[in-house]
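Pasting a structure below so you can have a look.
Think of it as A, B, C, D and E in the order they're written, each chain with its own count starting at 1.
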Amino acid sequence: MSTITLQDLEKQYDDVSAVEGIDLEVEDGEFLVVVGPSGCGKSTTLRMIAGLEDVTAGTITISGEDVTARPPKDRDIAMVFQNYALYPHMTAAENMKFGMRSVSEYSDAEIDERVADAADTLDIADLLDRRPEALSGGERQRVAIGRALVREPSVFLLDEPLSNLDAKLRVQMRAELLKLHRELDATTVYVTHDQTEAMTLGDRVAVLNDGRLQQVASPQRLYDFPENRFVAGFIGEPAMNVVPVEVRERGGDVVADQGGFVQPLPNGNAAAELVGQQAAFGVRPEDVSLATNLPAGAATFRATVTVREPLGELLLLHCEVGGAELQVKVEPRSDIYSGDTVELGFDDQRLHLFDDTGDAVYHSATQPDPRQTVSPE
Amino acid sequence: MSTQPKPFDSTRQAALLLLPTVVVLVAFLYYPGLETFRLSLYRTLFLGQQTTWVGLGNFAELATSAAYRHSFLVSILFAAVVVAGTLAVSLAVSYMVFTVEVGSSTYLIAAIWPYALPPAVAAILLNFILHPNLGIFTHYLEVFTPFTLDWFNSGPQAFAVVAVVAIWKQLGYNIIFLVAALNNVPETLTENAKLDGVGHLRLLRKVYLPLVAPTMVFLVVMNTIYSFFSTFPLVDLMTSGGPGDATNLLIFKLYRDAFEFSSLGLASAESVVLFVLVAVLMYVQIRVTEGYAHYGA
Amino acid sequence: NGLNAITSGGSNSSSGDLTLDFWHIFGDELGATLEEMAAEFSDQTDGVTINAVNNGGYRDNLNQALQASRAGDPPGIVQIFEIGTRLALDSDAFTPIGDLLPEDEIDFDDFLPSVLNYYRIDGTLNSMPFNSSNTIMLYNKTAFEEAGLNPESPPRSLAEVRSAAETIVDQTDMEQGITWPNHTWMQVEQQFAKQDQVLVNNENGRAGRPTETNFNTEAGRNVYEWWKGMADAGLYLNPGIEAWGEARQAFLTGKVPMLWDSTSNMVSMRTGAEENGFELGSAYLPTPNGDNTGVVIGGGSLWVPDALSDAKKEAAGEFVAYLTQTEQQARWHRNSGYFPVRQSAIDQLTENGWFDENPNFRTAFDQLQDTEDTPATRGAVMGVFPEARTINEELSVSIVNGEVSVEEGLSRMDTQVQEALNSYSGSYDGSE
Amino acid sequence: MATETDQPTARSARFTDRLPDHVPMHLGLVAAIALMASPLVLAVVMSTQTTTEVYQVTNVGIGSQGLSNYQAALTEYNFTTYMVNSLVMSVVIVVAKVALSLLAALALVYYELPYERAIFMFILLTLLLPVPVRIVPLFQLMADLGWTNTLLALTGPYVASATAVFLFRQHFMSIPDSLIETARVDGVGPLRFLFGVLVPMSRGMIAGVCVITFIYAWNQFLWPLVAVTNKSSQVVQVGIRYIQGSAQAGLTQWGLIMAAAVLALLPPLFVLLALHRPLLETFAIQQK
Amino acid sequence: MSTITLQDLEKQYDDVSAVEGIDLEVEDGEFLVVVGPSGCGKSTTLRMIAGLEDVTAGTITISGEDVTARPPKDRDIAMVFQNYALYPHMTAAENMKFGMRSVSEYSDAEIDERVADAADTLDIADLLDRRPEALSGGERQRVAIGRALVREPSVFLLDEPLSNLDAKLRVQMRAELLKLHRELDATTVYVTHDQTEAMTLGDRVAVLNDGRLQQVASPQRLYDFPENRFVAGFIGEPAMNVVPVEVRERGGDVVADQGGFVQPLPNGNAAAELVGQQAAFGVRPEDVSLATNLPAGAATFRATVTVREPLGELLLLHCEVGGAELQVKVEPRSDIYSGDTVELGFDDQRLHLFDDTGDAVYHSATQPDPRQTVSPE
């Protein structure tokens, strides 16, 4: 049973407040990804869990025991660092053994066996005699994971373990990590700033900004029901379009009036209380379509294409409407060029409104699918 | 800099690890250093067996002694010549080593070896090569130029010869640093200049020199310290301070006063003067380097 | 053995086997002779080994000996030049030699009085005279002949030196007329003695601590004005400060016909002249007006450090006595040119016809014999003598190069040496 | 090769294009280096000549002495002893300095240490105290300790050093934090950390410090001159002084002196050439 | 008229062959992007054009003149480096003037005027007195471009000019570069390893691999009609699925038989000659759909989902079929989890076949849209 509980965790450096009160529970066997922009406190949080960083306030519990004051080695954790932290002068095997040798409780035979096991699991048995310099990025990565494995910790902590790899390798290692996690089923906290990693790896994803937890949820829920503008903007590439609108009532419908377009909001009663107020209207580029692709009767409006970016699988249009910019994903082979005027409309099941504090006050989709709110499988 | 916790926290262990270093530093650096100050207030005879308190008398004596003042001036002039000469030659050589595309590393080794040259050996080699009667350089100098070399008797010539040896010996050290500094200049800056067709001299003056300025400052300080402190063997083996006190550098005078004329107190006062000198130089280096810090690669 | 020596420190002795270092200043043949003598003494003396070490020149030898005494690890016997006598004495680092000598073996009456007088201060003999020299002039007879000068009548006065020099430069290939190392001993100490002038007051420092110096006197000016004139006329080859080797080399290789030199090197100068194919002549040191009150002895004496154990001091005393034995002194003279410090050795050499066969070796001896005993010829005594020499030699360069006038240069010598004297006596709180 | 015949015009055009730029550089370098090396080359040549040959100034051929000047220096003029002494001194200084400085840097960088900055400054400030600034009391101290003429006097004052501590500290601080943290997570002890991680990872720096220190120690002149009065304990640099002085009597034996000088230069030169790579890297850090 | 022609260009380093014979024509005013994986020879090619690197063989012609042997300064080019190569001790203005001052032909007034013009164009007039250290990444970038501008070269060369910028800024600078190019209309060669940059910026894109030119074409054509497997795999993210098939005839149709699926190939006569041969069958993840989304009658097959990667805007499924892996992009909110079996089919207008040398031998789409083959606008 290895759960991790953070209670009101805070970290204050001399003049910087890096983490400002985080409450978070990581379940046994869960793969939790912590994501957020650079400097938001991800590493700091992870390092406090590892015991590498003192805690300013709050408590950390691992498997029910308060470890806040314990040195790292007594927390039964293993950590994989961004740059792998392999000792350059030791072979892969020596790297994996070095830490264990510091603990007298293992016999040499035991150590050898564990290393062999880990090497098998990671398919690096024939690399064991090489020094890191003779290993590729992905291989180093696996040795680093192997080093964590041999200690059979109850918790794995990983800090951007893929960010030093090239794009191809990153995709491949991502799949391997998933597979490995499925085999081991160890509680894992994984830090990254890459949203693709976050979305694909996490059972749940914790979004951090400015030292504060923004939202913890399954990946798809995060995408569909961002709890605030930060999450909405951070998850998704290109980012969600967010334009200022006035919420009005028009013929019984609640509408968002931007000037360039007036968009009826379904499930209006959720939005009814906003009537008469300014709000930020959010819609993802893939939820804006050419009028021709919309069901008949949908509200449309005209916009001017300013930039055309063919991305191969799709065409990204930067359009100007009512003084705001909207990015729109359209069919890749569309005959649309900059300067053209296009007729657009929104997918009215994918609209969001944020109030002036940035909190989401309205999603046009009603209920999140229950299967997306719990850990899957 | 980092508030990150350190892996070990036993203060006792740390103290134990520091102990040998601290003991040696206290015993052989700080204690004698302070003792120098104390001794400088005494007049002593015969290697310290007889001492009399004279307060600042030794300093007064130094201040009024024509010989010491002369020695001071000679040392400053010497430092200026050595620093300027070393930097000029090493900059030229370094720039060429840095610029050539073929054989750069071989040239580098061939240029830095004087770093290993013992000053005593440097002195003795040039003593011979520049010998007024036997020196082969002297011979060809006199054959091919109107100059004659008689530095056993000519003060200015002796000064120049010792300076040449001092510069020669110090080239290796300077070239090491300058080539490293030049190599630190991003290659794209050079390439950009190539695209623009910037000439060598202009490139050196306008681009490299400002960029290696912090290294130059560092070298000015190191070379100054070198010319004040490490040139004893040169003077001792080549000129013994002569002729006519022309090469009586402070360090040589200090040695002589202490160990030849047995005036330990006076010599200690001279040491104190040298100490002030290093302190000022170090301070200057720190200040000036800070000023240039924003060019840091 | 380097490893042993460096790790174990100085020479230690145990179980009665005494090893003493004898620090001398000689390299080459002279050093070899001394080493031989030391070895012979060691062979014939049970339990004592003398280890002769060439420890650099006179200045170094003295400095190192004082340093070593200060450090409590002195050598057994130290050779110190004559002008270091006062300093060595004041340092309290040495035992008066008189106390150590085996009474019966030493007959002081047999010693040359001029030598004994030099080293006896306030009635005590502090060190043992061993290698004594004085300054003579060597000249190239072959060159004299070639220039039409009489090789058997060398110049006696400085003016004659100049005219001989001019003639030779005129008549032969030689470009300069004379050389000698810029060395106070020759240009000042001997020249003052010859003119019967004391260098410092209080009877040359023998009647009391000196306080004044006499560089800028007629005696000094006589020499320096002539010297400056020679240099200006290109007749003087300046080999450099205390540059014995340079000067000798210039003379031997036929660059100059005349050389002022110490007698100490007669043997190698004889060989050198033979090798270079000219006939060597020797003469008294010329003086301003041919005056010849006499010369001051030079060279060195042997001192025994006070920090030694009694047994070592005793052994050192025995070795010192051995070195001054008639037999050894005669041998020493034959191998060097230093004149024997004992009459009996001179007698022995005379009897064996040595001086007849080697007239050049007699010159020094005659010059010494002709010397009148005056405060001037007894030589100056001062603690700052090594420093005074440095001052004199440095300023001599400036005078000869014309950077300062003779007057100015000499008066600076007075000022600077007097400053040194003041600070020396000011800090010395020893006897008197 | 084939391209050469395919593109003769392009290639030769290119070559001449580079001529004006690089040929003068090479010429300049060769000249500068030849000038810098010439005293050494001449010294090597002269060291094989007899005194008579030396005195024929323009005779720069290999002399007839062969190596006998070297033999004479080594056997008759004590250079064997001096060289051994220098070597022992230098090696002791190198080993002790590296060891002490590693320990000190370990404490400074990896220990929770009160007054860490102050201690570091205390060590750094000794840069203001080169030997000449403290030579008189240092000599007296050695005398009082009875260390004069011993290895202790020659090495003691040199075995701790601000520079080496500074360099090791700097290097330790450049070791990625994550490596240190890995060790923390594993609970690696200090000595195991030092010898298992720091030392192997600092090999280049240690080699660099060894070269700097060796050359520095080997080239010492003033301090041995003062601290050693006993010839058999003297080092080779001062040995040069002796051999120059001993030639005062007759004709200076320059061949012999040159041989001695070459001997005194060889070890540091060899060390420099063999280990110039780590040396250059180390210097790159020293400058901050 | 500034065209660049590379003829059989080669570059050999001591032991590496960096560029192995490139023939390429860059038209006057064209914006050509050179893209390829790291180490493929992009920079080397660019640097040969600039004259910073000697040519091993081949010729370079600029505006009709053979410049192969000319020093850089005589080629009338300007280059912008990845790290901007600004002189740190000079202000922005000095940086821009320094190169021109080396050439005596400009008067001071002329230089000042040109700098002022360039600064206006780039909107950096008020930064001119600042040193690079006081400029942000994007501003430095613009100064570097400004320095190139003032020389009014006939050719601009840029080597990964955006790679030092953060993601946001990169997008923004991309748009500005496009705008600038439209204003200046100068012949430009732009090196990048980022396919998004390549696709969005280039009039044409040259794909390089292992020192050899793979294909030069407009972005969309590259995406739709890759000439070989390398281009197919390099352009597009995630990469095109490529699985081995046997080409057979079945009832008059030419089909690709993978075992797990049998896919009819439209425009069969193009594929007819392959009948009976092994080939590599390529289809992009977005061109595989759930059967429910396909027109009635389309060929379908069953596959098992092994990995489910929710990417927010879509769901990436790794499916196993006939022993091969297929990546499939489906609706983001689909109720599909790993382990599920799904019914899939291909968009039969987007199929590709590659022979065993990797060359494309068949595209099911017949004619590329002519507007995509020439430079647009």
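For this structure, a couple of remarks:
Note that in this section a residue touches a chain if its C-beta (ideal position, glycine included) is under 8 Å from a C-beta of that chain, and two chains touch if they have at least 3 such contacts.
Bear in mind that the values here come from a model prediction, so they are computed numbers and not experimental data.
In terms of the stated touch criterion, the partners common to chain A and chain B are D, E, listed by label. The fewest steps needed to get from chain B to chain E, moving only between touching chains, is 1. Counting only chains that touch, the fewest steps needed to get from chain C to chain E is 2. A rotation of 175 degrees, rounded to the nearest 5, superposes the Cα atoms of chain A on chain E. Summed over C-beta pairs in contact, the chain pair with the top total is B-D. Our note on geometry: chain A versus chain D, Cα centroid distance of 55 Å, whole angstroms.
In this assembly, the C-alpha centroid of chain A lies 28 Å from the C-alpha centroid of chain E.
Inter-chain spacing, taken between the CA centroids of chain C and chain D, is 41 Å. Each chain gets a centre from the mean of its Cα atoms; for chain B and chain D, those two points are 16 Å apart.
Contact of a single residue of chain A with at least two other chains is seen at positions 52.
Residue positions of chain C with contacts to 2 or more other chains are 67, 70, 246, 249. Shared interface positions of chain B, i.e. residues touching 2 or more other chains, are given as 4-5, 47-48, 133, 259. Taken together, the chain D residues at the contact with chain C in this complex read 55, 80-85, 88-89, 139-140, 142-143, 146-151, 154, 226, 229-233, 241-242, 245-252. Looking at the complex, you find that chain B touches chain C at residues 43-52, 61, 65-67, 133, 150, 152-155, 240-245, 248, 256, 259-263, 265-266. Those residues of chain A that touch chain E in the complex are listed here as 166-167, 171, 175, 178, 195-196, 199-200, 219-220, 222-224, 235-236, 238, 284, 286, 307, 309-313, 316, 318, 332-333, 335, 337-338, 369, 371-372, 376-377. Partner chain B is touched in their complex by these residues of chain D: 22, 25-26, 28-29, 32-33, 36-40, 42-43, 46, 54-55, 57-58, 60, 100-101, 103-104, 106-114, 119, 122-123, 126-141, 143, 156-157, 159-160, 165, 177, 180, 183-184, 188, 190, 193, 215, 218-219, 221-222, 225-226, 237-238, 240-241, 244, 254, 257-258, 260-261, 264-265, 268-269, 271-273, 276, 279-280, 283-284, 287-288. Considering their complex, residues 59, 63, 66-67, 70, 87, 90-93, 182, 238-243, 246, 249-250, 384, 386-387, 390, 393-395, 397-398, 400-401, 403, 412, 416, 419-420, 423-424, 426-430 of chain C touch chain B.
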